[in-house]
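First, the structure itself, so that you have it in front of you.
When the chains are written out, they are named A, B, C and D in that same order, and each has its own residue count from 1.
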Amino acid sequence: MSFGSDNHAPVHPKIMDALQTANEGLAPSYGTDDLTAEAQKLLNQWLGKKASSFFVYNGTAANILALRSLTQGFHSVLCSQSSHLWNDEGIAPEAIAQVKLIPIPDHHGKLQVSSLQKYLQRLGDQHFAQPKVLSLTVPTELGTCYSMEELKELTSFARAHQLWIHIDGARFANALHFLQVSPVDFFQQIPCDILSFGGTKNGWMFGETVVVFQAPDIYPIKFFRKQFMNLPSKTRYLAAQLKAYLQDDVWKEIAEHSCAMANLLHHELQTIPGLHIPYPVQSNAVFLQLPQPWIKVLRSRHFFYVWDEETFLCRLMMNWTTTAETVHDFCRELRSLVSKTATDQSLVR
Amino acid sequence: MSFGSDNHAPVHPKIMDALQTANEGLAPSYGTDDLTAEAQKLLNQWLGKKASSFFVYNGTAANILALRSLTQGFHSVLCSQSSHLWNDEGIAPEAIAQVKLIPIPDHHGKLQVSSLQKYLQRLGDQHFAQPKVLSLTVPTELGTCYSMEELKELTSFARAHQLWIHIDGARFANALHFLQVSPVDFFQQIPCDILSFGGTKNGWMFGETVVVFQAPDIYPIKFFRKQFMNLPSKTRYLAAQLKAYLQDDVWKEIAEHSCAMANLLHHELQTIPGLHIPYPVQSNAVFLQLPQPWIKVLRSRHFFYVWDEETFLCRLMMNWTTTAETVHDFCRELRSLVSKTATDQSLVR
Amino acid sequence: MSFGSDNHAPVHPKIMDALQTANEGLAPSYGTDDLTAEAQKLLNQWLGKKASSFFVYNGTAANILALRSLTQGFHSVLCSQSSHLWNDEGIAPEAIAQVKLIPIPDHHGKLQVSSLQKYLQRLGDQHFAQPKVLSLTVPTELGTCYSMEELKELTSFARAHQLWIHIDGARFANALHFLQVSPVDFFQQIPCDILSFGGTKNGWMFGETVVVFQAPDIYPIKFFRKQFMNLPSKTRYLAAQLKAYLQDDVWKEIAEHSCAMANLLHHELQTIPGLHIPYPVQSNAVFLQLPQPWIKVLRSRHFFYVWDEETFLCRLMMNWTTTAETVHDFCRELRSLVSKTATDQSLVR
Amino acid sequence: MSFGSDNHAPVHPKIMDALQTANEGLAPSYGTDDLTAEAQKLLNQWLGKKASSFFVYNGTAANILALRSLTQGFHSVLCSQSSHLWNDEGIAPEAIAQVKLIPIPDHHGKLQVSSLQKYLQRLGDQHFAQPKVLSLTVPTELGTCYSMEELKELTSFARAHQLWIHIDGARFANALHFLQVSPVDFFQQIPCDILSFGGTKNGWMFGETVVVFQAPDIYPIKFFRKQFMNLPSKTRYLAAQLKAYLQDDVWKEIAEHSCAMANLLHHELQTIPGLHIPYPVQSNAVFLQLPQPWIKVLRSRHFFYVWDEETFLCRLMMNWTTTAETVHDFCRELRSLVSKTATDQSLVR
């Protein structure tokens, strides 16, 4: 039993079936196969907009390709200081996309318009990396979600200041679910230039889609994808996954279930006295501060990551296979630790 | 029917089955799963040596990660001027691995020791990219294969001149088949520091393995893989493929069949008068110079790539699903074109 | 009259003379001339230590070469969020040195040990740029100076956590003057791996010296300097400047005078009511918050830079030619503005 | 006495005087000083065209900034295989400008139109670095010079194939002298997008000028110059040199003299039997193949570089201070070696 990551989950059966079905006969490579054309068409319908889409292998690649496509080698990208982009992409954004990331203090993982203005100084100054992109993580790395209002405000600010808008949507479907908005409505209301549209953490075997609504120039993107070592040859297997994911509301089913499990866990945790849950639960993650001695005990049955090695903030991640039983089981253990701690000093932090 | 690429072939059924079987329950990510441990152990047995192995998504990534791991940012890599590395990796070797490739004239795609010495000048000269790696493509991009003797000579030269040895083995199993040597014997006889061990072109869905026998420092490699946007999260699906590929001699079966089809095609072509087959057929590729007007006709039924837009050299690539019927069918068409050309001037180049 | 930058000052006459004197006959290039050998020997005496030194053209190059020499392409550098490194090197640190800079909140431009610990998490985690260098600006970009005690504490922390120590000393002589310590004593007490030793802002025509006390590997540095487009050919002209700067205490004379002028200005400013001088004056810079309407008036006679476009913090920079008259003249103007503002609302911010 | 490099020569007295004269009072930095404006105006008159010009510190920087300004990160640059760009810039073109250099066989250092066509294949193919720039070295690294006819042919080819044209003119004035054409006439007849206009090898202390006639976008260039660590702060000292160089025909005087010395040497060498002078002498360099045992003897009095460690091709470089006496002296020594070799077997190669 693991709350480690949505990456620990198996491939959703409908997506696995699609891979099996696609595995028939020869197919041209590098995106020239019929399945890729079909999947891209379906994606545009789903988005309610015409976009160019580029399959890549993983989320890092999606983000880096997005940023490279929007910048020219002397630009900065405004992002939250708790974003995956700032903390978990090694130095790929800087060394590969050749952007300077500006990590901005956030509230519960969410950027606020009021914090952005002061980063827009020194325009035209050759000594200073020029702000060019606002990167929003939707939902955020801390399991929270911008409201549509917040997104409108932030993207209006970006548009008003000539910043391109990138959405890191590694778990984008979860945000749609939380916001109770269809993708078509979302993109009608929220301007977005490039979306990193997550697959791997949403029931795929591998693969993400870089959705380009708009960019300074579309032509170079295919060359950068190749250079970034993310040009898949057998594209039918990515197309098959995308198609299966968008069809029959598989994307919705996965999002709904994993978010529901996070809500269940959150609900249960609130009944346990003395726990600190620092952020609203608005996606499939629950963050929880735990006494250090509890962590080893709890992880022996339910793996999860310690998010901050100083404060012992922990992240519990739900996935499409997480069961209510697992959630209850974990909470039982927690309650038992609460009791034990009352009498055992060694369990107090 | 396609002679376009081994990338056009579907996933081998045993590998597809392995993916299906692996798709059960939760598994830790980023190489910490049991299946990855198993596959890596099996790989070491297959190699007859202990090596560190790193899964990546595609062949470009394998090569770039290999070169980055062997160099320090001011080095050059000696390679054949007809290699995939020089011609088909965009500028990834230069821009990402930060090496200077030195394209060396070759014979039928094979480097010769006698050509190498003159590239080893100016050692220590700060103006000059310092030679540090010899990259050998086995089998070569032109479908030929170094003999064991040639490999020994080249690798001895490299060792004598403090050059690391990289083998680009996108179709490595084909070389083992051609050389009629086991992997264990191969690596006992041929020193190699890093092998790009190909999966995708050999019946996998996606994925390659960077096999590190030796490197200046192993520790940074995992960081470079991440930076190069090629750290797979759900590693079980790569491990499952590697395991299935190495077990039950699947690797051998695939190599044997596709090479046999190339030999069959070569044999048939030799019976057709007036064709120019410039290179020995020693892997799963057959190169053939064709009159320009024939190309359109032939490609309408059997897709293949024009390798040189000036000389109309064409590449016909066999894969594990290619049938003798397809080969015969293609040759029938060719023969028919020979006949027609005798009477139709528009078919003469 | 300008408080714009120490870059606005002419070359010190003794340094200009040295350039003239060096301009005699032929001399070998790229550091093989006698004058370079002499200057490097003299530098080692001045430092009281044997170091390898590398001339470069400017301060950006010195910093970037230093960081590249201490890291391997997957490392981060801890620096102050108000440092030149973070704010004024474009994206050169990231794109060229391939490091991730971590901007750390500071106090008056100075890093504090208590802020550093939390940046040393996730060691060995491949997703996370690994902290490897502590970069200290001495004196800081805000005109303040670490005490010897503070430097000992910070460098001890660095040593204890396997961080290399880089000192950005674009105005290093000013710090020696403020600390009233000789270079020999400084480096006996303060561990430092690489020093960017400033020339241009200290009376040179051009050029800085990268002083390498220690590095993972010295050999690659000359290659990186070439790659970073900072290998000077006619090194005698850099050597001549370094020699003249170190001889006859020219370095001390320049530092003393410009710091004295800053102290004079600071002293005068304190007698003017209502001014906000946010930082201690410990080098040749004075920072001053001014009502926006005053800035245009003042700059018409004495150019200076607005440091923060939001708060109208301004920087007044002294150089080796600044006179007490200029300082008094500026203060007279300021006093006059104070008076006028009492009666003229348009001058109130 | 040295035939090592034009880099071994001192600064021309008129240029040194200009530096001295410029060293008066304060001047704004980063190109905002009056002298820079004057020099740039004078340069445009000299060119007979309006161009944007950017001072940089050295020739590597000039070339790399030029190439970066003309390309977008997935392009290749066609250049001669004997060019400085291919052989002597380390991996700066690849790692910093992010271009792939394509080294093309040449004749006496000169590219020929007939060799270029075959490098223009695979346009639009994402696997292949896309040809975008033709880089011509004028005069070539081998001391030869394209005729105006040859330049017209090559640049017409470039224009016809949408290649930008870069001229590496580290010794550009020498070419003007050889061609007996004024700069105004040259640029009226020869299309050029960016010229690396050499100073250092032509009597300057340091510095080159990147002359941009045309580029995809001018705006980013200043940011790239900063990123490439080549933004000079005290620009008056570069401007002073450029101005002095262009005024009073100093550029012409230097070119004339050093080329005349090369012609003199060439003339003398032709009277010595048995010497192999492989290339026409059309600039300030003379290439000469020498028996290995002679080299040590000759270099003890007249330093020069061995250009090819295999063939013992040597390069003798004239500069503005080279005297006829030195040339005669060298030839006397050579003649003496010819005599001695007749009787001393140890002097035969």
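Keep this in mind: contacts are C-beta pairs under 8 Å (C-beta built on N, C-alpha and C of every residue); 3 or more make two chains touch, one makes a residue touch a chain.
Note that the structure is predicted; figures quoted are calculated from it, not measured.
Could you tell me the least number of steps, going only between chains that touch, from chain A to chain C?
1
Looking only at C-beta pairs in contact, point me to the busier pair out of C-D and B-C.
When the contacts at C-D and B-C are counted, C-D has more.
What is the chain whose Cα centre is as far as it gets from that of chain C?
Between chain C and every other chain, the largest centroid distance is to B.
Approximately how many whole Å separate the CA-defined centres of chain B and chain D?
41
For chain B and chain C, what's the span in angstrom between their mean Cα positions?
Once rounded, the distance between the two centres reads 51 Å.
Could you put a whole-Å number on the gap between the CA centroids of chain C and chain D?
Each chain's C-alpha centroid was found; their separation is 34 Å.
Send over the residues of chain A in touch with two or more other chains.
Residues 30, 73-74, 89-91, 95, 126-127, 223, 226-227, 231 of chain A touch two or more partner chains.
Can you name the residues of chain C that touch chain D in the complex?
Touching chain D from chain C are residues 1-2, 4-5, 7-11, 16, 19-20, 23-30, 56-58, 60-61, 64, 89-92, 95-96, 200-201, 205-206, 223, 226-234, 237, 303, 319, 321.
Sort out for me which residues of chain A touch chain D in the complex.
Residues 30, 68, 72-74, 126-127, 130, 220, 222-227, 231 of chain A touch chain D in their complex.
Which residues, counting only chain B, touch chain D once they are in their complex?
Result: residues 73-76, 87-91, 94-95, 98-100, 103, 117-118, 121-122, 126-129, 308-310 of chain B touch chain D.
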